Amino acid sequence: MKQCAIELKNITKVFGKVVANKNVNLTAYRGEILSILGENGSGKTTLMNMISGIYFPDEGQICIDGEEAVITSPKDAFAYKIGMIHQHFKLVEAFSAAENIILGLDEGKYDLKASTEKIRAISEQYGFDLDPEKKIYTMSVSEKQTVEIVKVLYRGADILILDEPTAVLTPQEIEKLFAILRRMREDGKCIVIITHKLHEVLSLSDRVSVLRKGEYVGTVKTAETSESELTEMMVGKKISLNIDRSEPQNVEPRLVVEALDCCDRSGVKVLDNVSFTANAGEILGIAGIAGSGQRELLEAIAGLQQLQNGSIFYHNPKTGTVEELRGKTPLQIRELGVRLSFVPEDRLGMGLVGNMDITDNMMLRSYRKGRGVFVERKAPKELAKSIIETLEVVTPGATTPVRRLSGGNVQKVLVGREISASPTVLMAAYPVRGLDINSSYLIYNLLNEQKKKGVAVVFVGEDLDVLIELCDRIMVIGSGRITGVVDGRNTTKEEIGLLMTKTGEEGEK
Amino acid sequence: MKDKAVAKKKHEPLFHVVKRDDLAWWQVWLIRGFTIVLGVLLVIFFSMMITGKSFDKTFDIMFRGVFGRLMKGSTTMLWKYLQEIAILLSLALALTPAFKMKFWNCGAEGQALMGGLASIMCMIELGDRLSYPVLICVIAITSILAGAIWGLIPAIFKALFGTNETLFTLMMNYIATQIIAYYVYIKGGGSNVINPVEAGNFPKVGNNDYFVNIVVVAAITLIMYIYLRSSKQGYEISVVGESQNTARYIGINVKKVIIRTMVISGALCGVTGMLLVAGKDHSINVNSVGGQGFTAILISWLGQFNPFIMAIMTAIVVFLRIGVAKVADTALLNSSFSEIMVGLVILMLVGCEFFVRYSIKFKRKKEAKA
Amino acid sequence: MIVQFLCRAILLGVPILYGSTGEIITEKSGHLNLGIPGIMYVGAISGVVGSFLYENACGNDIEKMNAALAILIPLLSSIVGAVLMGLIYSFLTVTLHANQNVTGLALTTLGIGLGNFLGASLISITKSELPSIALTKTSSFFSVKAPFADKLGPVGELLFSHDFLTYLAIAIALVASYVLNRTRVGLNLRAVGENPATADAAGIRVSKYKYVATCIGSAIAGLGGLQYVMAYASGVWSNNAFGDRGWLAIALVIFALWKPSIAILGSFLFGALCNANNYIQGLGAETQELFKMLPYVVTIIVLIITSMRKKREYQAPESLGLPYFREER
């Protein structure tokens, strides 16, 4: 008989008007791996944050080992031997790994050497590869994650919560992580892993609990379920995507990228010899594990990245001339008559200004128009109105700061503005992330419309089903290299998945 | 079983703080207005405590300390009051574009001093060589330039290397102070005083010394309002202030905007220096600005970057400053009492922003375990 | 001559050292306290008020004064005054999430006003003809020197001739340095200033650390004001005499790269720079004024160089000046 580690009863948490969790009930046992499955925004992370003391539930109870527990701070959580590994690592960049690991502990005398030894011992026990004296800001993502896990183990946690631990890892690293997690399960620890990737759920966990829009849907044993059942639980009813896809017409090269190299601030190559062509009248999808260089690639084309090598050629459909975009600022690119629209991943941090209203956000692209020193607000106001109407943006009015709109409406405003410039190239990074189904479809339709108008659309996505149904061609990127380009009409998820996990060298052939 | 539940309950927080949805503008100003009224009442209360006078009497002294015998037709004090407002407000206005860009210009003091230095130098060195209108023009140009340069230096380093501007501009203040001390020593013949200079003074209008200053600042207020609200540069400033990433994304040259805005900010501080020297004191010393550069920071922040609200805030602060000083004065107490009171009211206003942005949620009484 | 110059530099440097040690501790918790100049004023005037009351209670008779009380009363009142200011600052910036720069500057206005007001009130009570108040008796207790200092020649004078608050300042800076780098509390505090969310997740009580660091920092800075009055000015308070030493203390924090141990030497250097004008032969009084800007110029140069080098270890705490609210979304 397995021992009950965590039991949640009727947990509710509200942020402002957003209900993040509503009457959630959940149980996790020792010696098992429980997956919490749900789409983006289904309240998985909020729920786990309440167990680890970051948030406090508005209503409901948390029981640990069968007794009611009041967890008001992470310290309380440690006392219950609960350790959480957050998706965004909570590490002090200026500290060493060891300093981070012992941070906040109270174990008598401060002795960094003794702690370092203990860390080495833990690393050996579970097979981690970690240098305790290395500073965090010099570490790779996977090293940082290792620090996080060791940190929790060092504190003697026997309930481990991992929030999307695989999102940033390579397949090899994922395998290594899973092996470690299984070893911990055999140690009798209770492991909860938050994810939205089905194959991980099936290969790793013993049981799966599903959340949908903040509500608890149910729990099933992994051995007794299937991918389709889980999907149905996750999204409510089984949906086939059925995205319209027209045949590309008048295909001609619009954007030709050759041998791009780009290094980040610490000198690590984030784009390595990237070459491809984006054609007018077609949607080019870009698939890859998050953080493989997608952001840098789009920013490079938009003139926001310093490039070490390569060229970006734009074929101007009006004049027939070819322009080199590399080394130009966004403004210079504009002045060349290149109509490049870009929907960046970070909507409120880059694409829009959260504290400004919709009208003023429309002006971001157009405020330079006109000769005088004053801005002209009439046209942007009209544009704001028409976007609110045609894209059905839910907002109290055009003067509401966009940060107060919901994710989907923010995205409508952003995409609406970018499309209104009647672009010849439209780049969109994760345009449906965090959006509900209806908003997502609206965005797909908008992209398709642009394609029909002869725009070269570049779509960076994470959901492979969407990529396959929407895009004409799909380019796969792995660790900053192009690992392959496939035809969207006759490819499979498996084929793309395989390319995603390839390292660059193999893919080059 | 029951005991345990009770014992555990102690740990539950009584209340917790949550971020509010945005309040309507009138609700926000209700909170702020209430705080101001409360603050003024507290100030009067404290004044009553130290002087032992009644409420009516205290308020009367304050009011007459600021406005003089306005009822009997004397406007001398009123003009003086407006003059004080003009100087403080013009500094606050000068800082506002920089603050809106989230550039902490704490160097208004130094920038104004440098502007004032340029003015006095022109007045002394060129006073008898140039005709009056030319002299005034030269004073204006050099003062603006001097302030602008003093603002430009930290801006360049901020733009190029991200050098911390708060500390940089603070240090620049004291360098300016020492330059003034140096110049005053030379020209004052070791007496630390420069006698008022006749040449290059702003003209009297009617019988009024300060009219020009007040009009200039009123004009700057209006222009600044329009500049921030409706000009392309003002728009760029807001975008850079809100998010440098967005600014880069739409092709704004962030470095250029930082430098340009700080030149404007410094130049306007230079104007204040000119108003102080050519329009008011006709002399200069290390205390000419008298710490108002810091008060101006507070005003600009309290005014939420809106020049007209800043004008109201300035009027309140100057009212307290003069009025309370008068109260302290009549009780033969040191006038620094007014600084304490101004500090108090500003701290209250700073604190009240909390209630604009957050609300306190008390834990709902949970019914016994179901 | 040189010994005298160095001793003077140390004497001038000590208030700045107090101020910057206090500010370093505060900044390590992520709070840029621009109220330090005001807090140092309050520390000074509180000490003055304390010793004034004690001197009066003893009938202004030095024979009746107890050495321990004569030192402890001003010391404690100075600390209490400064901590109260620190509490106001931390309540506004930590609990109410108010803007740190604005709060600090308002606090400086308040503190300087308080200093001058209380100072002027005391002056008027004593009916002194000078615009100052002299607490020479209390000061004489503060400036007791080691008896063997004179016998050891110049070296002895340089090392042992100072008042005890000077040694206390160095001791505090060294202890602060040790605590910050070699203890658990120091590690936690640095984490709070670098990344409060991480510290919070690690179970560190962020608000408590911020409060305590700010208040301890204020107390230390307040002692700087006390040292200035009792040791440097021989117990004489006059309004505005403390001047801009508070800002120099903030400058020294940058100069010292947020390390109290460097601040010790830095404060002596600042003291020397403030004072160099008096010891360089043939300087006119006007050039002396120019020399007084040296500490600020040096600070700016250090500020620029550290920002250009971008070395992680030499930077300010990462979240310096940013408010922290756990449930921020």
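Read from first to last, the chains carry the letters A, B and C; within each, the first residue is number 1.
Basically, contacts are C-beta pairs under 8 Å (C-beta built on N, C-alpha and C of every residue); 3 or more make two chains touch, one makes a residue touch a chain.
As the structure is a prediction and not an experimental result, all values here were calculated from the model.
If each chain is reduced to the average of its C-alpha atoms, the one that sits nearest the average of all protein C-alpha atoms is B. Among the other chains, the CA centroid farthest from that of subunit C is the one of A.
Chain centres here are Cα averages; for subunit A and subunit B they lie 44 Å apart.
Each chain gets a centre from the mean of its Cα atoms; for subunit A and subunit C, those two points are 48 Å apart. Distance between subunit B and subunit C, defined via averaged C-alpha coordinates, is recorded as 27 Å.
Counting partners per residue, subunit C has 327, 329 as the residues that reach two or more other chains.
For subunit A, residues that reach two or more other chains under the stated contact definition are 15. Shared contact sites, meaning residues of subunit B that touch two or more other chains, fall at 16, 18-19. On subunit B, the positions that touch subunit A within their shared complex are 4-5, 8, 11-13, 16, 18-22, 230-236, 238-239, 242-243, 245-246, 248-253, 364, 366.
On subunit C, the positions that touch subunit B within their shared complex are 32, 34, 88, 92, 95-99, 101-103, 105-117, 119-121, 124, 239, 244, 247, 250-251, 254, 285-287, 289-290, 292-293, 296-297, 299-300, 303-304, 307-308, 316, 321, 325, 327-329. Interface residues of subunit B, counted against subunit C in their complex, comprise 16-19, 104, 106, 157, 161-164, 166-168, 170-175, 177-179, 181-182, 185-186, 190, 291, 294-295, 297-298, 301, 328, 332-334, 336-344, 346-347, 350-351, 353-354, 357-358. Residues 15, 52, 54-55, 73-75, 77-78, 84, 86, 90-95, 99-100, 102-106, 110, 135, 137 of subunit A are the ones touching subunit C in the complex. Residues 15-17, 56, 58-59, 68, 70, 72, 302-304, 329-331, 333-334, 342, 344, 346, 349-356, 360, 363-365, 367-368, 373-375, 377, 401, 404 of subunit A are the ones touching subunit B in the complex.
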